[in-house]
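Here subunit A shows up in two complexes: once beside subunit B, once beside subunit C.
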Partner chain A sequence: MRLAWGLRVAAVAAAGLSLAILPFLVGDYRAFELGRMGIFFIAILGLNLLTGYTGQVSIGHGAFMAVGGYTSAILATRCGVPDYLTIPLGGLTAGLAGLLFGIPALRLRGLYLALATFGVAVAMPSIAKHDRLEGLTKGTTGINLPELHSGTWLYGVTWAIAAALFLLAFAIVNSRLGRAFRALRDSEVAASSMGVNPAAYKVAAFGISSFYAGVAGSLYALSNAYVNPDVYFVSLSLFLLIGAVIGGLGSLTGVIAGAAFVQFVPPNASSILDAVSPFAVDSRAPGVPSVILGAALVLVVLLAPTGAGGLLRRISAPLMGRLYTRPGGG
Partner chain B sequence: MALAAFSWQELAQQVVSGLASGGIYASLALALVLIYRATRVINFAQGELATLTTFVAWSLTNHGLNKWVAFPLTLLIAFAGGVALERVVIRPVERAPVLTVVMLTIGLLIGLNGLTAWIWGGETRSFPSLFSTGTVDVGGVAVSYADIGVIGVTLGAVGLISLFFRFTKLGLGMRAVAANPETSPLVGIRVGWMLALGWGLAATLGALSGILVAPTVFLEPNMMQAILLYAFAAAILGGLESPLGAVVGGLLLGVILNLAGRYVPEVGGESRLAVALAVILIVLTIRPSGLFGRTVGRRV
Partner chain C sequence: MSTAAPAPASTPAAAGEELLVVDGLRKEFGGLVAVDSVDFVVRRGAIASLIGPNGAGKTTFFNMITGVYKPTAGRVVFAGEDLTGKPPHAVTQRGIGRTFQNIRLFQHMTALENVLVGMHSRLHGGIIRSILRTPGLRREEARAEQRARELLDLCTLAGEEDWIARNLPYGDQRRLEVARALATEPKLLLLDEPTAGMNPQESDEFRDFIGLLKRDLALTVLLIEHDMKVVMGVSDHVTVLDFGEKIAEGSPKEVQRDPRVIEAYLGTGALAEGRR
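Let's turn to the complex of A and B:
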């Protein structure tokens, strides 16, 4: 047991060190891309807490990212708050929005919640453009942030926050809160007969998850140095859900695979298609990234419903088992 | 300002054109309800299926086919496509949890949207209307032929479907499967094929709504995104369980959106989407079973 823990700590330290020097090796643009991947990592982590652990599907987390992003942009331009300080505030505002939305969503089980959050995703751009909010959101033009940061800056800030939020998620999942979430997911009736208050825990899950989305949305705004309704496009919510499914619902380590997928597959969709397609096709046409994403989601659901996290567990379980069990022991 | 210009004629016109767009929402909502009743699944890809088939209709007419031949042919193609989709993609997860199937339909939503853009490109096209332009005077109210036509076609389609369910053996079989999938095989009903048939019918209704809406919103790959949200709102308003509810909900929503767009200064253009979202949230909070649904208790 002690040996295994030592190995774990060493592995984590080595991984942390190599991640810290990585942006200086790969150049600023790659560092930017990896930073963007970190943003997806945070958002998908939050979505996974809600969907994977509590069993509430949200197809509208892009909208909560938008709340975080707009909060950051408005605070940075109007109140002169340094933009990195707006990140937690963006998260808190989105978390609050999530709590408020979580209350009507309490009455919605499974499918109905998916429907309502889909509505939020589709309606969000038109709400941001609405005349009444135009003074705040600047309508279709959007808001320019004061500063465009380097890729290395984004990488460092994003992954530092991502690491902290990952540890938080890990702590939540392995606490009383996380056990209540999972109990609700597996059977709401059984959970409530064990003394878990479904309403309180579901709203809490929605709030926490939206907080993650808001932090990601703030970072997203900072990475672009502008926000407008099209930055948080409708399909962004779908991308996050795809990332969560591909990473594996109910797996925290799998989220990294989901984030990498969402960040790197759509821009490289045409080369992927060229590689897998047996026929000569026009791989640069519009729509190809969506076809690849949709096909990937369908295939994962049909063939590997536990996603990358599930595959990882299946591969690592025998190895870890051997590592942890004493020779001659059971 | 808006109130100063009020006239009963205009109100009546707004109601009629609301009914016409409501008819389009109703047919897509009915498609959603047909699949929901049979399998407890919301098909998020219903709108994209409709877009794809409407593009097929566009290609057929563009190749010189008369629209009165091309459109029925499109409906047949949509039916076959719906059946094939159920057999190939949905069948393997028939016994999986509902949310798995929903994820699958979201995958189809993204994939089909991409496929449409891939084949036909992203640009906006005009689409031939089934009906001639012009208006007819009904008791002092000028009503366009297109509005009357859309209302007529949707009501006709809904009527045909309810006759099919009521008076044919196949329709009875489909109702049996929706009511009790476990015992219907005992009386010789082939459950799998009934479900496939349901998907086919739903795809046909979706294609119909696409063909009816394309002349006004113009044909492009994201054409049905907003319509799908309206159809969700309509289906929830009427009660996801009830085909009649879907139709009434659709017509009602069309009128609500039109009147709100005309008489509430806050609502116009895209913010109708927010009204539809509000309808969804209000109905789900106050009466989740909708206008025509029955509330059922939950069992452990």
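Let's turn to the complex of A and C:
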């Protein structure tokens, strides 16, 4: 037991060390890409708390990222708040927006909730461009942030925050709060009959999840050094949900796979298509990334409906077999 | 026989004070009257049963007591407090625990976690303390887990703590529902057709188990049953519903002899046959 702990600590230390020196080995642009992946990691982690653990589907988390991003940009340019301080504030503002959205969302379930959240994602660019808000958001032009950070900076800041938020998610999932979330997902009637107040916990899940999205959106704004309505494009929300499904709904470790997918697959769709397609197709044609995304999603849903997290569990199943199958079969 | 006659003194447990008093409870769905102004009393320490043919309104009645449905009219008073129209989680906090006719476990959670969710309203760990994992919270969680294991033991589910609920055999799932309901620390336990889908041997075992709950935990139990035979062995008091109306109540023996009950269960022809 003690040896196993020692090994575990050593493994974590080694992993931490290699992750820390990684950006210096791969160069600044790769570090930037990995930093962007960390941003998706944070956003998908939050979405998973809502969709994977509480059972409320959201196709609108890009909008909460936008709230975080705009908050950061406005605070940094108007109030001179240091960039790294705008990150938690962006998260809190988005969290508040999520709480406010979560209250009317209580009336909606399943597909209808998903559509309502998608409505938020669709409306967000127009809201940002609206005349009344133009003074704040600078309309279609958007806001330029004072400082463009290096890829290494983004990598370090993002993954440090991501690690903290991962531990936070882990603590939530394994607490009384997380049990209530999962109970609501499995049966709302049974959960309320066990003393769980469905409204309070569903709204709380929306708030926490939007906080994650806000932090991610804030980092996204800092990574670009600008925000405008098109930065948080409508299908960003869809990408996040796809990432959550690929990572595995209800799996925290799987989120890393979902984040890698969202960061690396769409931009490299053409070369992936060239590599795997037996047909002579124009891989540079518009729409190819969407086709690849769609195909990947269909494959995951058909072949590994529990996502990367589910695969991981299945591989480790022989070790923990009795959790999933009866010893001796049956 | 008068339907309003109270249970005779032959059932000693029925002498307890009134724990649950239901007064003129009524539920209409559109034009359909599912439960028609039913009066009903459960005394502390008793095992009361609510029986009736399919569609008699038993589950609707249950759902009004537990707050899943809001009654069209009438009152539900539990331990002296009016619970009418209170949401399910508030009813559970007041001390009414329940199981479901069609099993509603948290399917993707372990047996232990299912029971821990049952303790939800008896635990205090909020978001901040959960994140910080304060010593107080850890102690609370450790105690809760200990208690959950005891409840699983009581329901003969020892050794199955870490099983995902949906992978448990059917009978174990039924007992896990009971363990989870017990975790809410109920004063009154509502069991909605707990032996549905069980074979005769499992039903017999379950009957003994209900008796054990009464004896060891001093619980008051309200049992819904479709099957007359199941309730006769354990009940102190039986109420019969048919088409949403209370048609009889009393000791199991009285109810069994009641012509209206026989008619409801077997049809008028059977009654005529019996007389012949």
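Note that in this section the second predicted complex is superposed on the first by the 314 of 330 C-alpha atoms of A that agree within 3 Å, B and C clash if a C-alpha of one lies under 4 Å from a C-alpha of the other, contacts with A are read in each partner's own complex, and residues count from 1 in each chain.
What we mean here is this: a contact is a pair of C-beta atoms (placed from the backbone, for glycine too) under 8 Å apart; a residue touches a chain by one contact, two chains touch by 3 or more.
None of these values were measured; they are calculated from a predicted model.
In the superposition on chain A, contact of A:Ser187 is made with both subunit B and subunit C.
When the two complexes are overlaid on their common chain A, residue A:Leu19 makes contact with neither subunit B nor subunit C. A count of residues in subunit A touched by subunit B and by subunit C gives the higher number to B. Of the two partner chains placed by superposition, A:Ala163 touches none, neither subunit B nor subunit C. When the two complexes are overlaid on their common chain A, residue A:Ile172 makes contact with subunit C while staying clear of subunit B.
Once the two complexes are laid over each other on the shared chain, residue contacts for A:Gly250 go to subunit C alone; subunit B is not touched. Shared-chain residue A:Ala304: touches no atom of subunit B or subunit C. After overlaying the two complexes on the shared chain, residue contacts for A:Ala295 are found with subunit B alone; subunit C is out of touch. Contacts of subunit A with subunit B, set against its contacts with subunit C after fitting on chain A, overlap at residues 187, 189-190.
Against subunit C, the residues of subunit A that register as touching in their complex are 168, 171-172, 175-180, 182-183, 185-187, 189-198, 204, 208, 250, 322-326. Against subunit A, in their complex, subunit C makes its touches with residues 66, 68, 87-89, 92-93, 97-98, 100, 104-110, 113, 116-118, 120-123, 125-127, 130-131, 133, 141, 162-164, 167, 180, 183-184. Chain contact summary for the complex, subunit A toward subunit B: residues 55, 57, 59, 104, 107-108, 110-112, 114-116, 118-120, 122-123, 125-127, 129-132, 187, 189-190, 234-235, 238, 241-242, 245, 282, 285-298, 301-302, 305.
Of all residues in subunit B, only 40-42, 44, 89, 92-93, 96, 98-100, 102-104, 106-119, 121-122, 221, 225-226, 229, 232-233, 236, 266, 269-271, 273-274, 276-277, 280-281, 284-285, 288, 298, 300 touch subunit A in the complex they form.
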